[in-house]
């Protein structure tokens, strides 16, 4: 099965998610630059979610580039990931409109956690579709960055739930910053393969 | 005629349909997690329609992968399918905002029925474009799953019309669950062909 | 210059235009099937515009498939076409909400006319990029269907302007129906070429 | 690393940006053609931004066509460009609804400036990914048009900030007009290469 349409559909959905989030930035009523000021929590939430969706797109790009086989299980796991990402415009909008209050930050953290777990499931399905390809699994390595992110999402969500939403929000911003340095592991599989075949 | 742009356009339309449905999930006014509770019917409707559009995308992917020829009739049948799918954000939103009342569930069922019939017409047009390719028609087989789904949509719509909308809704959820196990028939044509050519 | 990205971008824009038009179909407040009745002009306008955008996509598909060269002038002419098509959700929405009143139908006709003229400009730019390819220009032939459509848009717009908007609307519906039978001219160039090269 | 998905994702995001801007053109309440008149600032803003996004897409197309290598830095620089472009629907809407008042035109100019700087960063990352390819850097040449545009954005933004928003707006329109004549530099690299390889 070819991976081309899976990539095209995922690109489409992620492109739309990243773009419709800006619709939450409602045009202010005033016409002075000062009228923009009350929008800062919505804007900051947008920046954060743009970084997350952009990171998911980049990692998805690397993961699929390394993959050769797409099974039905991979299609389902991919739809599952897209589902959780599609909720980001909603959770982002709620967080921005409520100035990082407890409830919305908790929900946002839960959304990040569900997305990350879905990404793991997708990665697992791709690994099991390549079970005779040792280089693929090896390339994933210990995946410390991914595991630490999961832990960070759990901690941030719990912090928000416990009444410190700003702590949770700061953790989510920190994780986003860490991921903006993209994942080079998958690039290595691809370059290793092209060396082998060359 | 190449099938690449047909796939790209269909991917685009289905990606947008699946994503703009989330715009019906309006950001709640409260800032507590409890403020999310009234959203459950809208959320549940979104999940159901996400599953349906995801399933249509997956089946469309398999169907087009098995196809070699795209005729003008196939283009028209594909636009017809996309038209009915494009109404899903509307019928989903109406169903969610009215807590699965009789009218909206009836309309939702009619939308599912029209989409399924359109998919059959598309499949028929592709079969007739491959009339010298016995493996294609054979691969479709008796298509019990598809026929049973059509029957289920009719029953669910009639149940809603008769005053039992929750019965109809339960039937639509059950069909969605059945389809989340993807269609392996088309995969078999492709693998059969690659065996023959290999 | 490759035509792949021109096709992909045009597919994207047309897919979004065709899908966001459905956002004008606002969820009704009532929960009975009767609450749908007041939506008929919006729905009918949506069906008509879906048919038009679908037809433009189909014809664009055929035109670009026959094309081998993409020049800067072609890119500009293509953006110009996409601009006029992008106004269709606006003009469609206005027409639907005002029950085919004089002003909106006139504007809708003007939009169809501008789109058709833009398509002619694009076709002309592609022809001049293929000026040594006789088969391309020959394949376009006398293009009676296209010329008659332009005339029909002018007549329909004038009829609306003169106070008979329903006559204009009926003309636009008739043209849409005629175009749903897709353009086979471009298919002939492609098949003629493949015969020559084969 | 292949550039195909980078192009597909960028096409998707730019296609959505260019299309959702039309959602700011709200359907007027009246049904006469005169009811359209108050929309002219929103419409004019839409035309201007459509021209800008169309120009960015065209230049992006040329730049990526000339590129052979995509690094992680290029992916990040591309996401950065898409981020600033994604704010255009917001800044365009604010400018249109306030009839080119001081604050909105200043913000619009700042948005154009940030987008242009991001494009320069992307171009720089692509150049450094091709550091052994002299023809690429040579093809960019002195890039007078790009540098003059940056200067014009600065001047326009300062003019608006100083209390002459219409001067700023006129400058932004003038730059858009200049760019509608597309960039032929990149085409030359491609054709030079194909001559060398042929």
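Lettered A, B, C and D in written order, each chain numbered from 1.
By definition in this document, contacts are C-beta pairs under 8 Å (C-beta built on N, C-alpha and C of every residue); 3 or more make two chains touch, one makes a residue touch a chain.
Computed from a prediction, not measured in an experiment: that's the story for all the values here.
Enquirer: Cα superposition of subunit C onto subunit D: how big is the rotation, rounded to the nearest 5°?
Expert: 90
Enquirer: Report the chain whose CA-based centre is farthest from the CA-based centre of subunit A.
Expert: C
Enquirer: Shared numbers divided by all numbers used: is that above or below half for subunit A and subunit B, i.e. same or different?
Expert: Different; most numbers are used by only one of subunit A and subunit B.
Enquirer: Just give me the whole-number Å value for how far the CA centre of subunit A lies from that of subunit D.
Expert: A distance of 26 Å separates the two centres.
Enquirer: Counting in whole Å, what is the centre-to-centre distance of subunit A and subunit C, each centre being its mean C-alpha position?
Expert: One centre to the other, that is 37 Å.
Enquirer: Two-or-more-chain contact residues of subunit B, please, as numbers and ranges.
Expert: 8, 12, 15-16, 20, 23
Enquirer: Please give the residue numbers of subunit A that touch subunit B in the complex, ascending.
Expert: 1-2, 5-6, 8-9, 12-13, 15-17, 20, 23-24, 72, 75-76, 79, 82-83, 86-87, 89-90, 93-94, 97-98, 101-104, 106-107
Enquirer: Quick one: which bits of subunit D touch subunit C in the complex? Just the residue numbers, please.
Expert: 7-8, 11-12, 14-16, 18-20, 22-23, 25, 27-28, 30-36, 47, 50, 54, 57-58, 61, 64-65, 180, 182, 184, 187, 190
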